[in-house]
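One chain, chain A, links the two complexes that follow: it is found with chain B in the first and with chain C in the second.
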Partner chain A sequence: MDGLSEARKGIAPRGALEARNTDTVEFAAATPEAEQPFKELGLTEDEYAKIRQILGRRPTAAELALYSVMWSEHCSYKSSKVHLRNLAPRGAQTDKLLAGIGANAGVVDIGQGYAVTFKIESHNHPSFVEPHQGAATGVGGIVRDILAMGARPVAVMDALRFGPADAHDTARVLPGVVSGISFYGNCLGLPNIGGELSFDPCYAGNPLVNALCVGVMRHADLKAAVASGLGNKVVLFGSRTGPDGVGGASVLASSTFAGDAEDGSVGSGGAAAKRPSVQVGDPFMEKLLIECCLELFAGDLVEGIQDLGAAGVACATTELAAGGGAQVGMRVDLDLVPLRDPSLTPAEILMSESQERMMAIVTPGKAGEFAAVCAKWDVEATVIGEVTGDGVLTMTWRGGTVVSIPPETAADGPVYSRPLARPAAQDELAADGPAMPRPGDGAPLRQALLALLGSADLADKAWVTQQYDAIVRGNTVLAMPEDGGLLRVDEDTHLGIALATDGNGRYCRLDPYLGTQLALAEAYRNVAMTGARPMAVTNCLNFGSPEDPGVMWQLAEAVRGLADGCATLGIPVTGGNVSLYNQTGQMAIHPTPVIGVLGVHDDVRRRVSAGFGANEATIIVLGETRDELGGSAWAHVAHGHLGGIPPAVDLAAEQRLAGLIAVAAAAGLLASAHDLSDGGLAIALAESCLRGGNGCSIDLDDVSPQAFTALFSESAGRAVVTVRPEQAAEFAALAHSHGVPAAAIGTVTGDSLQVNGQFDIPLDELAAVWQGTLPALFG
Partner chain B sequence: MTFPGSLDDQDAARAVRYAGAEPVALWHADRDLRGVDAVILPGGFSYGDYLRCGAIARFSPVMGSLVPAARAGLPVLGICNGFQILCEAHLLPGALTRNAALRFIHRDVRLDVVNAGTAWTSGYAAGQSLTVPLKSGEGAYAASPETLDELERTGRVVVRYAPAAPNGSARDIAGICSAEGNIVGLMPHPEHAIDPLTGPSADGLGFFTSIVSAFAGAGAAR
Partner chain C sequence: MARVIVDVMLKSEIHDPQGEAVLSASHRLGFGNVTGVRQGKRFELDIDGPAGDAALARAEELARELLANPVIEEFSLSFVE
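Moving on to the complex of A and B:
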């Protein structure tokens, strides 16, 4: 194969002597009694016995490593798979789906020949151990997932959750995570268009770093992770393979941090004993890899492609081979894998999670062109094997066969129906509603608003978002702090896509079913606020240990809530990621499903901003306000209280609201639109005032008879919009015809947030409180 | 011009299109400047910013053609990483160093046009105020006091941050030019302020219409 380097040829010692020292298949068959470190690699006795049964002998060291990473919780979804099956789209949900769950990322048809692929993934554990590199490689990994579908990655988002904002360790973890995302995403040239940032003591020993990437392609560009074609070449390209991230998926992401996780130590073992389990990212190489892959795709030089993420070469080879069907096998010569460290063992080569690598299946006839494109982009590409017709994944090293397995047995992994039980304390929690004294009218309400606005959860996130490039590629129409990110896809037709992610661990702790639906509803609503039509869902399910029946109940309830919610809304779940073992000792995080919703915008020029930009516009609250404070920001900030039941969910009402906004935006009736969520109307008004640089004068009587409830209730399905006075009647009729309650509550005017009969807060004071919090905490 | 790691090259090309000219893609490994009338070195992280921003790009094959052409009068605009490359190539004096707060900064900034006489700013009026995005980690302009004095004395400060530089730039300098005015470098991104739909304003378009009308005028005079 001309032009493609055959790395280390003539360097790697080969021959009988080396083979005798290697744990080959023959040696394994001859030494059935040899002790193997399966427990250190995270496998149970049953799983080890199953491997021996599949192979009819003990596994070699390399095979044991391969199975251990492929059967890890992180790669196999063995605890969650039985529940995730409920998310499979049905009926009308599949209408717009070009590829679904199981692919590297789901693909949605957005019309005009365009397809969009998007996915959110966790990098929680590495980001706690090494915040900068952990978060950076989280971005890198999800970007390669999108790339592997054949799409050009066009934007990223990040959903971040940390311990208390003023905790000592948060000052280590948060700036590191933000700098890692900034370093990697900015250098990659992908705009960061939104996400979340929140704080809670439950994340102190286990921060959540969830990264989303979205990519765009033409329908015909869709690629599959499938090996096919007898004699086709298996090409590894991108960075060299080094000792970093060995066992990251199996050892780090699939077990619980020790009780004293302060020192950041994690267990490791076996072949990986002395290797760092966090990877190190090189965004420059990833940028080259993106451009190189897109040129390879454009030249139709690739038959199948897979990114290398968790479980590295082990995962890419087994999934490509297994994806090809029963007759397809693969023969790989591990001596040909280009290494940064020549001392790596076969097991380590298989488990390494070195970043910025891809694997492609290439026909021999196109190998020369493939090599030329890689050379243009200074990307090293090496043929390491070929597709066979024997249904066996075979790997050799220094003259001996070190892996010989049926690939589907590694790719499929075990499936567990772990015991689940609703925790007894759940009823107590539900009964303990927020019965604390509420602030009285006037000055106490004013004080309560400012306290919420200045709380770390609700304060201005500019300290973080100013470190992200939100505009590179020139198609960003809306980005943080808007409700959803909005990107232009086509400069001529003005077609665009909107994205939002939402999650609320407090709601989910109170009721994982409802809490998940509330997260779905909020992301759906945020996408709708831009004027887009919500179309598809991705999810990142962050939970504690699956070995705790209470946690498994939370997971099952969350998945059931998401499945039911998506069925009601008629939009599919296109894929996602599960992160378990998010706990320190016995302390699990709140169940935290993070839901991402993708929408399509027919004309991005009709986008709607959250800011009060039009003076004298009429301010209208849409939706119904009930007295719903369970799990609210007010209870959390003012009283540190978590109890009761979360707000009710009415997905039909969410659909009506989204439909109204889409029609009104297209008709040019909306001067602004902002969803109501954490902190209720009070925070939404303050944010809209600050975003637009205008004050407002409002009356609360038509929202709720109690001023406190009107301001701080978190009833779902609501938004605050502004409409120019001359269009108010037309909008009111439209709201009526959509069945959305609409109450005109005031006017955009002046330079203060004025609630008649209650209080008046100058914008300068609001801004100082809102903007001061994060800089005071993080410098 | 695209180097490995250039990121805002498509954005620069779009701005050229908006200004009514034809963008021509140049490639770092190709010494051929393809007969273009002017060159834009875009933002990004050429060669991953390894060693120093712009330090490796400066040795690209294409720079072997570009440097003499620029010295002979070819108009060149360096934006962000492009400015860094121009400084590394000694086409412009001084250097760009880490932001004062040691963090990447992305925000809209106000710029005052100081010199409206360069090839790239002739469409503006001196003293005109522009709102354009800044997005960089190493954007603090630094030079010796003598160099800074000379730049100011000879009118080679092109744009200045107002009211003050957010990144610690010496004397609030956002962009400078060569003695002849054909080479301009600035840290903020005018190519991201060409349409209020995707930027804070259309104030940045003037950089691109300035050069286009310079050539249109030259063509008419010929």
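Moving on to the complex of A and C:
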């Protein structure tokens, strides 16, 4: 293989290790009674027995490591798979889908020959252990997922949830997470165009760091993660493999999981030493890897490709081999894997989560060209094996065979139908609606608005978003604090894509089915507010322990809600990620499905912003306002209360609203559009005033007879838009024809938020309250 | 008045992309004999009072809390006269 580096020289001080037995397949077959540390690796007795049954012998240390990571909850989705099947797109949902669930990320046709791929993934646990590196490598991992589909990554977003804003540990975790995201994303040159930030005691000790990436490609560039072609080369390229995050995917974290031959357990095939679970990312290497891969794709030099994420080489080899079909096998020589630390054992090489690595399948005839492209980008590339026709994944190390398994048995993993039960306390929770005294009028309402606006959840996020580069690459049209991020895809046709992520743990705690649909509805609405048409959904399901039947019920309900919601809206779920075990002791987080929606914008020059920019424009509330305060921001902020039922969901109404906004935006009728969600109309008005630098004069009577309900109810399916006076009649007719209730409630004017008969708040005062919170907390 | 030196290094098993970048730059500049680089930080703390165990203990506390990230870094302390 010209140019590709040969077997690494000077691999290790072999003498030190040869004294011990390598745990080869032959040795394993001869020593069936050897004790193996399967429990420390996170496998159950049953799972270990199943592995022995599959292999007809005990696994070698390397095989045990491989199965342990591949069968971990993180990689196998063993608890969630039975439910996730409900998300498979059906019928009309698949019309625009080029690749769906199961691929690294779903791919959607957005027209004009373009395809878009996007996905959101969790990096919760690593971000708690080491916030900066954990969050940074979360960005790096999702970017490689998108790259592996053949797309150029074009933007990222982050949905973040932390413990109480004023908690001591939040002061450690949040700044670290934000600096990690900004460090990695900014160095990589990818704009961060939005996301979420919220706080709740349930996330103390279990912060949620969910990273989304979106990529764009031409239809023809779509790549598959399969190995094919007898004799094709298996190439590992990118960073070297080191002792990073070994076993991070399984639950071992802190145990030394194999002794040496002396204590009767398996020898040097096991992991020798306690290894760090912290992975350190290198965004500059990732940037090289991106450009290198895109040139490889352009030259048609790869047959199949897979990124290395959790479970590293173990995952990439088994998934590529299993993806190739029953006859496809793979032979890998682990001695050829370029190592940063020569003392790594085969098990560690397989489990290492070293960052910035990819694996490609390359025909022998193109190997030279492949190597030349990698050399040009300073990316180390090494042939470590080849595709075989025996249906077996075989790995050798120092002359012995250390892995010999049917790859699909590792890739598919077990499937559990875990017990689920609606928690008994659920009814009690639903019955405990927010019956607290409500501010009646004037000064108390004013005070309630300011308290909400200055709360950590609703305050200005600039302290965070200013650390992110939102405009690098020059195609960002809208970014935080707008409702959705909007990117230009084509400079000539002005085709664009819009993205938003939403989740509301409080709603989901009250009713996971409705709460998930509310998150879907909000993300859908946020995308629509830019003028885009929502097209596809990704999701990151953050839950507690699947071994708790109550948590499993939440998960099942959330998935059912998402599946039903997407079917009603006619848009597919293209992929996602599940993060379980987000709990400390018996305290699980609120069920927190984070839903990402992608939309297509036909002409980004017609995008709509949330700010009140046009003086004297008419302010219109779209949708119906009911008295819905269960799980609301008001109940949370003013009373620390969580109970009742969340707002009703009407997805048909959401569709009508989105349709109206798209048509009105295209016709140039909208001066602004902002969705109503947390904090209701009060917060939306304040945000639109501050964003646009204009005040407003409002009458609430046509929203609701109670001023409090009008201001703070969180009824879904609503938006506040502004329309220039001369276009108001045309817009009203359009709203009517779309079946969207529209109430003119005031005018953009002056420099205060004035609610007639109630209160008046100067913009300066609003701004001070809104902008002061995060800097006061985090410097 | 005492001066405490705090040297902070990434733990040996932690990936050091900056060190690797310095290593490859060294090679480009013709220093082919350099075979490995690890990059760290050095702090010089001027401390009120005598150079004794108490001062060292306080400096160690500071290092643990602020100067080093004990999850991925290790540090050492020493006095200079």
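We adopt the following convention: the second predicted complex is superposed on the first by the 745 of 779 C-alpha atoms of A that agree within 3 Å, B and C clash if a C-alpha of one lies under 4 Å from a C-alpha of the other, contacts with A are read in each partner's own complex, and residues count from 1 in each chain.
Please note the rule applied: a contact is a pair of C-beta atoms (placed from the backbone, for glycine too) under 8 Å apart; a residue touches a chain by one contact, two chains touch by 3 or more.
Values in this document were obtained by computation on a predicted structure and should not be read as measured data.
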Combined model on chain A where chain B meets chain C, clash or fit: fit
Touched partner set for A:D282, first chain B, second chain C, both or neither: both
Which partner, chain B or chain C, touches more chain A residues: B
Which superposed partner A:V129 touches (first chain B, second chain C, both, neither): second
Which of chain B and chain C A:G56 touches, first, second, both or neither: neither
Included angle at chain A between vectors to chain C and chain B, based on C-alpha centres and rounded to the nearest 10 degrees: 60
Which of chain B and chain C A:P32 touches, first, second, both or neither: neither
Touching partner for A:D341 - first (chain B), second (chain C), both, neither: second
First (chain B), second (chain C), both or neither touched by A:G91: neither
Overlay on chain A, chain C to chain B nearest C-alpha distance, Å: 5
Overlapping contact positions on chain A, where the chain C interface meets the chain B interface: 282, 284-285
Chain A contact footprint on chain C (complex, rising order): 10-11, 13-17, 20-21, 69, 71-72
Of chain A, residues touching chain C in the complex: 129-130, 133, 239, 242-244, 275-276, 278-282, 284-285, 340-341, 354-355
In the complex, chain A residues that touch chain B: 179, 182-183, 186-189, 282-285, 287-288, 376-378, 462, 465-477, 488, 491, 604-605, 607
Chain A partner contacts - residues on chain B that touch it in the complex: 4-5, 7-8, 10-11, 14, 29, 43-45, 47-50, 103-107, 133, 135, 137, 189, 191-192, 197-199
